């Protein structure tokens, strides 16, 4: 009920009494009141469908002319000169930064979120259960821009030594190479870490809901076989919750991909001429941060179109991730019914 | 006030699944008819077709004829909402509206159908609660939530709510199955009182209850596993319990199956 | 087993009775303890950023909020070098935009949920539900770009407060739909049946029985959804540029909000401005927390429970 994610776990369960829900086509025949009210409700549903479709249509319509004018390959170019007579822009750098930050966020937030959810549902003493859940939910109440500012001016400095240590130990791998520019708090790795904090409440909330639904009989069955608590969790709770964890991870990923302000404040843009770097301790811009950074400069249709094209790619990315999460949920539904 | 129900060749479906087949029976006005039979034989389903509640479940439909004093309930011109006002229903579990006080629960049917006159509503509330043998217990706390009453009181509240709209027929779907023996007795007494004004059809799992309260008993059974339910036998309660025509009925009431 | 042991005299005697049950091997017990420690640690780690952020914000921004002028003045005439001024223009803007956003998205969201729970069947309902999921996942910056593409590029309108409300509405609708849907599903079918059986038409059953029964839950969902969109900054940066003065007209001119105030003062990069960033951040967090707490409090009065 305290769903902060907009995702409902109840959605995934058959109705309590096992009967199909009352949908009542003919619960109230063709009375005027019923026709009007039913029409309004259906209209609202259709409006939502139209809205999402329009997002796709409008973004495509406005992006296409700019893309046709583009002198570089949109999918493979690292350049970003959106205006002028010969615009050249591509998304490689943006895609790289977006995916790296999101993946780092996932790698941290999913295991941590699942562990916190297990803590809340299985380990926390009763007096703590409720407030623990609320506290983690409150993380979602801190606005994104505050995370960004806090990361930049307060927490970021403590990331510097960490980056240096990683560089000393693993720096021979290009992925972990840290050159000192930009400073550690402006790197993809730190942006990913901040994103992890931001999606943690999402992952936790959904995992928690699913773990709370593990049938007591499964758990008691495991305990009766002499399993320890951890073994019970491994054989009963985690397998039951697996699809829920996957969809939680997907929804978290969707959020991380599109998160804007925290990333905008933190990441330092690359010099246009710099060589491509594989390091997570490099700079860059994500789709969202590039758009937000340049929001004041949407002056020509050509330029606006280029940014809208970038937004379209982001929309498609999140669409795919969210649709995948939905498929996982649907599959689980078929399984539980 | 009370009306006579005639059911003729009634088949009941859930989508493509035929749940009940070929039911024909007559319920006389101001009498109590009990539906008995094993679980899943369709007695509740038949009951719900008598006020067109069956069709609020997706795919629910019927073939055949149900008439109330010669009015065809399933005629295309018939408004199911009007049918339900004429044929009231009490459910298995007491289900007072949780947002409403005792008074509002009883008045709900009238008020939601547009009656606003407060004096009239108060009269109806008092009359209905008296009719449901609940007045003396709740008259001092009419504005308290209905959900605060005991299970038996809640069920009588639901009966009061059902009779407040002055139906011709009262359907009861296992009204005592969630109640303790004392509350059950109170409901059974109430059914005896209500009989003088209403035509009552009651579904029950409890054969003693059927024997105690009903004038006529209908025994339903499945033809075979996976087959639709059907009406095996309907007759005076006395006859069903002492001298049934069908072997299946005898087996059931003597506890040999079911 | 014990018979063998008595025959073999060199075998050490069983030390504990537990061994007779096959015992819990030390390895398993250790793993179990380790798991317990890991879970507790995870929870503590999760709390670190929360405590840290809140602590920092209160320490650095608290002072600003104790000054009466913070709640009484705007930033009109205050340059980034100067201290002073207040946030009342931004607070007003944030509240006005949140209110109008709720005004648009609550009816649409609640009706969509009513459609999904009470009416929807078959392909259309599946499509609507799927689209709500997609809408849930739309990044705020994409919603903002979409409104920009429609409002500014296509229709040629100015960037004004109302355009921000439209973008925020897109973000709020799915949370309202999902939470309302959840609450409507919790209303027992028996109540709907009881109402139908009284001869109440379906729409009245929904309006007078189903929605009132789940009302506090719906309010909770709305408040939590509102809390979420209030902190959104991306749509504001694209659609609602900052201004230092009090402006209350959604349809004309610029309008300040707390997130854009934070963004603006942050970009000034001078100490008085940075102080104002923390002040505005604390104000925004306080408003959002208040909404959250209020939402949870209202939720306690829910008439429907699992």
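We just call them A, B and C in the order they show up, numbering each chain from 1.
Following the convention adopted for this analysis, a residue touches a chain if its C-beta (ideal position, glycine included) is under 8 Å from a C-beta of that chain, and two chains touch if they have at least 3 such contacts.
Source: prediction; values computed, not measured.
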Middle chain, criterion being Cα centroid separation: C
Pair of chains ranked first by number of touching C-beta pairs: A-C
Approximate Å spacing (C-alpha centroids) for the pair chain A, chain C: 14
Distance from the mean Cα position of chain C to that of chain B, given in whole angstrom: 46
Interchain centroid distance [CA atoms averaged], chain A/chain B, Å: 52
Chain A residues counted as touching two or more neighbouring chains: 19, 21-25, 27-28, 31
Shared-contact residues (touching 2 or more other chains) in chain B: 56, 58, 81
Where chain C touches two or more other chains, by residue: 121, 188, 192-193, 196, 201, 204-205
Contact set on chain A toward chain C in their complex: 1-8, 10-11, 15-17, 19, 21-25, 27-28, 31, 33-34, 36-38, 40-49, 51-55, 58-59, 61-62, 112, 115-116, 118-120, 122-124, 132, 134-147, 149-150, 153-155, 197, 200, 204, 226, 228-231, 233, 251, 254-255, 257-261, 265, 287-288, 291-292, 295-296, 298, 301, 304, 307-308, 311, 314-315, 318-319, 321-323, 325-326
Chain B-facing residues of chain C, complex: 121, 188, 190-201, 204-205, 208-209, 212-213, 215, 303-304
Complex contacts: residues of chain B adjacent to chain C: 51, 53, 56, 58, 81-86, 88-89, 91, 93, 95, 97-99, 108-109, 112-113, 158, 161-162, 165
Chain A-touching residues of chain C, taken from the complex the two chains share: 22, 24, 28-29, 31-32, 34-36, 38-40, 42-43, 45-47, 49-50, 52-54, 56-57, 107-109, 111-112, 114-121, 124-125, 127-128, 130-143, 145-146, 148-150, 152-154, 170, 173-175, 177-179, 181-183, 185-186, 188-189, 192-193, 196, 201-207, 217, 220-221, 224-225, 227-228, 230-234, 237-238, 241, 259, 262-263, 266, 274, 277, 281, 284-285, 288-289, 292, 296, 299, 302
